[in-house]
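You will see subunit A twice below: alongside subunit B first, and alongside subunit C after that.
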Partner chain A sequence: MELLILNGLVNGLIVGGIYALVGVSLTLLYGVLRVVNFAHGEFVIAGSFLAFVLFSSFGVPPLLAVPIAAVVFFAAGWGLYYVLIPRLARSDDPELMSFLMFYGVSIAAAALLLLLFEADSRTIDYTFTPVSMQVGPIYVSTARLVALAITIVVSIALALFLFKTLPGKALRAAIMNPEAIQIMGVDIVRLSAFAFALAAALAGVTGVLIALVFPAFNPFSGAEYTIIAFIVVVLGGLGNPVGALLAGVLFGLAEQMATVFLPQAMAQIVGFVILVGTIFFRPSGILGVRFKR
Partner chain B sequence: MADAVLELDRVDVAYHGDIRILRGLSLKVRPGVITGVIGPNGAGKSTALKALYGLLKPVAGDVLIDGRKVTGLPPWKFIDNGIALVPQQRSLFNELSVEDNLRLACWSFRRDRARVEQALERAYVQFPMLRDKRRDLAGSMSGGQQRFLELGRALALRPRVLLLDEPTAMIAPRVSAEIYEFVHGLPGQGITVLLVDQNVRQCVRISDHLYVLELGQNKVDGSARAFQQDAGLRDLIAEWVDYRIDA
Partner chain C sequence: MAARSRALDSADRIYFTLAALIGSVLLVYFASVPLLGLNVAFHFYLMLWITMASAFNVASGFAGYMPFGYVAFYGIGAFTTAILVKKAAFPLFLALPLSGVAGIVLALLFAPTLRLSGIYFGIVSLALAGICRLVITNMPEQLTGGSFGLQLGSRAHPVQSFYVMMAVMVVALATILWLSRSRLGKALRATRDDADAAEMMGVNVPIVRLYGWLISAFFPAVCGGVEAWYTNVVDTETAFNTLTTAKTVIYAVAGGLGTVTGPILGAVAMVWLDELIWRQFPLLNLLILGLATIILVLFLPRGIVGTLLRKKPQWRRYIP
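What follows is the complex of A and B.
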């Protein structure tokens, strides 16, 4: 039993780290741009497919796919921003329209992935040596440990950026007071494009990690990650990056521990129970910091 | 030299939809003095200021800086033109420190370290309390202190024009008096002021030229002295002052 629990904890951390990254990128996007990205899961899964193509067609190992995905998705996000957002800004209710627009983007992205990769589930056949490592009394696959390490490095880098650098503080300032950031002489369009690109880069990297951690993915997996991202964002408090990181880990841990203690079908529900509970009892997220408009 | 450093020329502004909040509004910010803008609640004073600062784009008419048309110029370009705004709504970043709030105002020259340090120093000299509180979160300070941070942050940039929207709203009377004295002294430091205020008495007292707005239009304008002497205008003002709880 102790082994099972320890297993649950370790896997909870690994999976939770992924959820944290999925959530933090969505919450940044919402916080700075006030857009609801329904296509977030597709962005993430596109990262998994990028890792897949890089490895199966060019022999690029997943570890190297991480920085490549970051750069490719950053650039794609930057471009996509200028294609999508100026149109939104012209509408009467940008926040509501963002729902519809990104729902459309989500469908289009999933369809495109389907066209390119077909409906089969894909796996990256890359194996680390050794295949697994001993953590105390249990064995964990090296791929998962590598993914955890990358998650931690990315999270720390992101936190340092947001809390220690002026551009990072400007991003947080834009979340705290979107009108005031403009009178500071900050070009809000560029800052928003940067936020979009950063969120896309994080999503792409997360996709590569997903390819390492989970056995398989397909073009439909996106929707699943969109839902997870929403749960994490709400748990962490809208537009709160630190909250999202914590919430992701908490959610991953809860989900994995549930698989230890509860029947398989029940474990699936845990996430939603936590979500509904949070909305009822802590509507401003687990950290309880009221989100300022 | 143009007779106005900043100007609205027959401007119409609409929020979403077709309802025009400002209709043909014209307003000149005269160099070297304080221009006051008064009018009842909802007259469009703040809207006029937002239009002046590029935060709202006019559907008709023009915005001019030094007589040059700049209609549609985005707000972040105004700082480069030496124009700073302290809006009616709190413009601080509550969960950033006082110093970080000041540093963000230096965004456009953030790589010029010496200049940034000078700007910080200017704010700290202007309001020494800010130096003591520089590591505190902006949101943790009192209302008056937050207002001083907003003023210090605007002045750190050495603007030639400062736009102020109700600088003493919801501020304790003693601090209010201090703020008015401070604003009154700005032209002496070479800073042109546009003061939008609900405190009519004070606004009339320290302004050189006054605009009265009503329903998004110009009602009257003239020298503040004329306002104090003209019985009709005094009555008009007295009328608002009466139905204002805070006056």
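What follows is the complex of A and C.
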């Protein structure tokens, strides 16, 4: 039993790290742009498929796919921002309409992946040597440990960027008070485009990591990650990147523990219950501070 | 004062004449579909989507909520009819109204969510629909048929279910037509625009919201039941498919939220377009539905009727 719990803890940390990245990119997007990206899971899964194509067609190992995904998704996000967002701002209720528009993006993206890759589940047949490593009394696959290491590096880099650099501080300032930051001379459109591109890049990188950690993915997996991203974002407080990182790890642990102690079916419901419960009893998230305004 | 009320009367007269005209055209057209040997399946689903989009409009256009888990009511209705007919040997015409009751019960369970607003309401609604699907999926197989679903056996009767669907649509449209001119409808709109101000004017905000919510939940549940009868099979994958929510929302928005004619027009236009695309490019169907949604939000966020009324605000009094 102790081994099972320990296993759950380690896997919870690994999966939680991935959830943290999914959540932090969605929360950045919401915080700065006030749009709800319902297609976030599809962005992430597109990253997994990019890693799959890079490896199976060009022999590029997943580790190298991480920076490639970051660049490709950053560029795609930048372009997508100018196509979608400026026009959206003209509607009566941009926040709610963004939900609907990204609903459309999500349907279109999943359909596109379906046309390109068909409905079969895909895996990347890449193995590290050794295949697994001993962590205390248990064995963990090297791919998962590598993914955890990348998650930690990306999180630290993101935290340094947000708190130590000028553009990072501008992003946080835009989340807190978008009006004031414009008075300070920041070009909010360019900053928003940057936030969108950064969120897309993070989503793409997370997708590559998912291809390492989880056995398989298919064009429909996106919806699951969208829900997970929502849970993490709400748990961490809407628009709060630090909260999202914490909430991701917490939710990963909760989910893995639930699979240890509860039957499979119940474990799935846990996430939804956490989401509904948080909104009702602690709408500002686990940290309890409103990051916005 | 007298002149003003006379002007209102004449506006009302035009309003209800237009409504009666549109209603009778719809009625005569749909009633003659099976008689003239037109495509029954296509028109059945057209009526279903008109009903779904119109009922959704009560929650979104009138009350200002965006229930992104709207499919929960549809799914609950489908399973209620299937279980009652198959496992409890209820007659169909008793099971269908009970599906509506099941929708109302579920809506009452979800009623606490009405104090949320905007994005929070949408996300919670989505999560609750997910919970409903998982709960029904994990019920004992003897009751819900597990992953194979439930077959209703030899009760299928396409033409009969077609006319029942038509009756449901007529009741739904009549309810919404009444609502749009009733005290309740005005109170709902006032609450949507400014809940505090409405409360100050003596509107019982929670009750008004609840009534709107219940109306909005009843019809999709009945639709789910009728569709279960029509297709003769119910399973969790199709009954709780998020695409049902997506289509309902898109059709309603395409026509214009907050008007009676909007969702009708939106559903007719989009179902027709969907059928056309489906026949030409079956593989591209989903992709085009997604792109159509994006284009709709970006270029026609108020829908067909909503855009028209914005250009000609004086028509607002006459167009249902």
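Operating definition for what follows: the second predicted complex is superposed on the first by the 290 of 293 C-alpha atoms of A that agree within 3 Å, B and C clash if a C-alpha of one lies under 4 Å from a C-alpha of the other, contacts with A are read in each partner's own complex, and residues count from 1 in each chain.
One rule holds in what follows: a contact is a pair of C-beta atoms (placed from the backbone, for glycine too) under 8 Å apart; a residue touches a chain by one contact, two chains touch by 3 or more.
Computed from a prediction, not measured in an experiment: that's the story for all the values here.
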Report for A:A75: first if it touches subunit B alone, second if subunit C alone, otherwise both or neither.
neither
For A:I188, decide between first (touching subunit B), second (touching subunit C), both and neither.
first
When the two structures are overlaid on chain A, which partner does A:N177 contact: first (subunit B), second (subunit C), both, or neither?
first
Which of the two, subunit B or subunit C, is in touch with more residues of subunit A?
C
According to the stated criteria, A:L160 is in contact with first (subunit B), second (subunit C), both, or neither; which is it?
neither
Which partner does A:A223 reach: the first (subunit B), the second (subunit C), both, or neither?
second
Is A:D92 touching the first partner subunit B, the second partner subunit C, both, or neither of them?
both
Looking at A:I5 after the superposition, I want to know if it touches subunit B, subunit C, both of them or none. Which is it: first, second, both, neither?
neither
Quick check for you: in the superposed arrangement, does A:K169 touch first (subunit B), second (subunit C), both or neither?
first
Just to be sure I follow: which residues of subunit A are touched by subunit B in one complex and then by subunit C in the other one?
92
Sort out for me which residues of subunit A touch subunit B in the complex.
92-93, 166, 169-170, 172-173, 176-177, 179-189, 292
Flag every residue of subunit A that touches subunit C in the complex, lowest number first.
36, 84, 87-88, 90-92, 95-97, 99-101, 103-112, 114-115, 223, 227, 230, 234, 238, 265, 268-269, 272-273, 275-276, 279-280, 283
Note which residues of subunit B are touching subunit A in the complex, please.
16-17, 53, 55, 74-76, 78-80, 84-85, 87, 89-96, 100, 103-105, 107-108, 110
Residue set of subunit C touching subunit A in the complex reads 66, 68, 112, 116, 118-120, 122-124, 126-128, 130-131, 134-135, 137-138, 242-243, 246, 249-250, 253, 283-287, 289-294, 296-299, 301-302
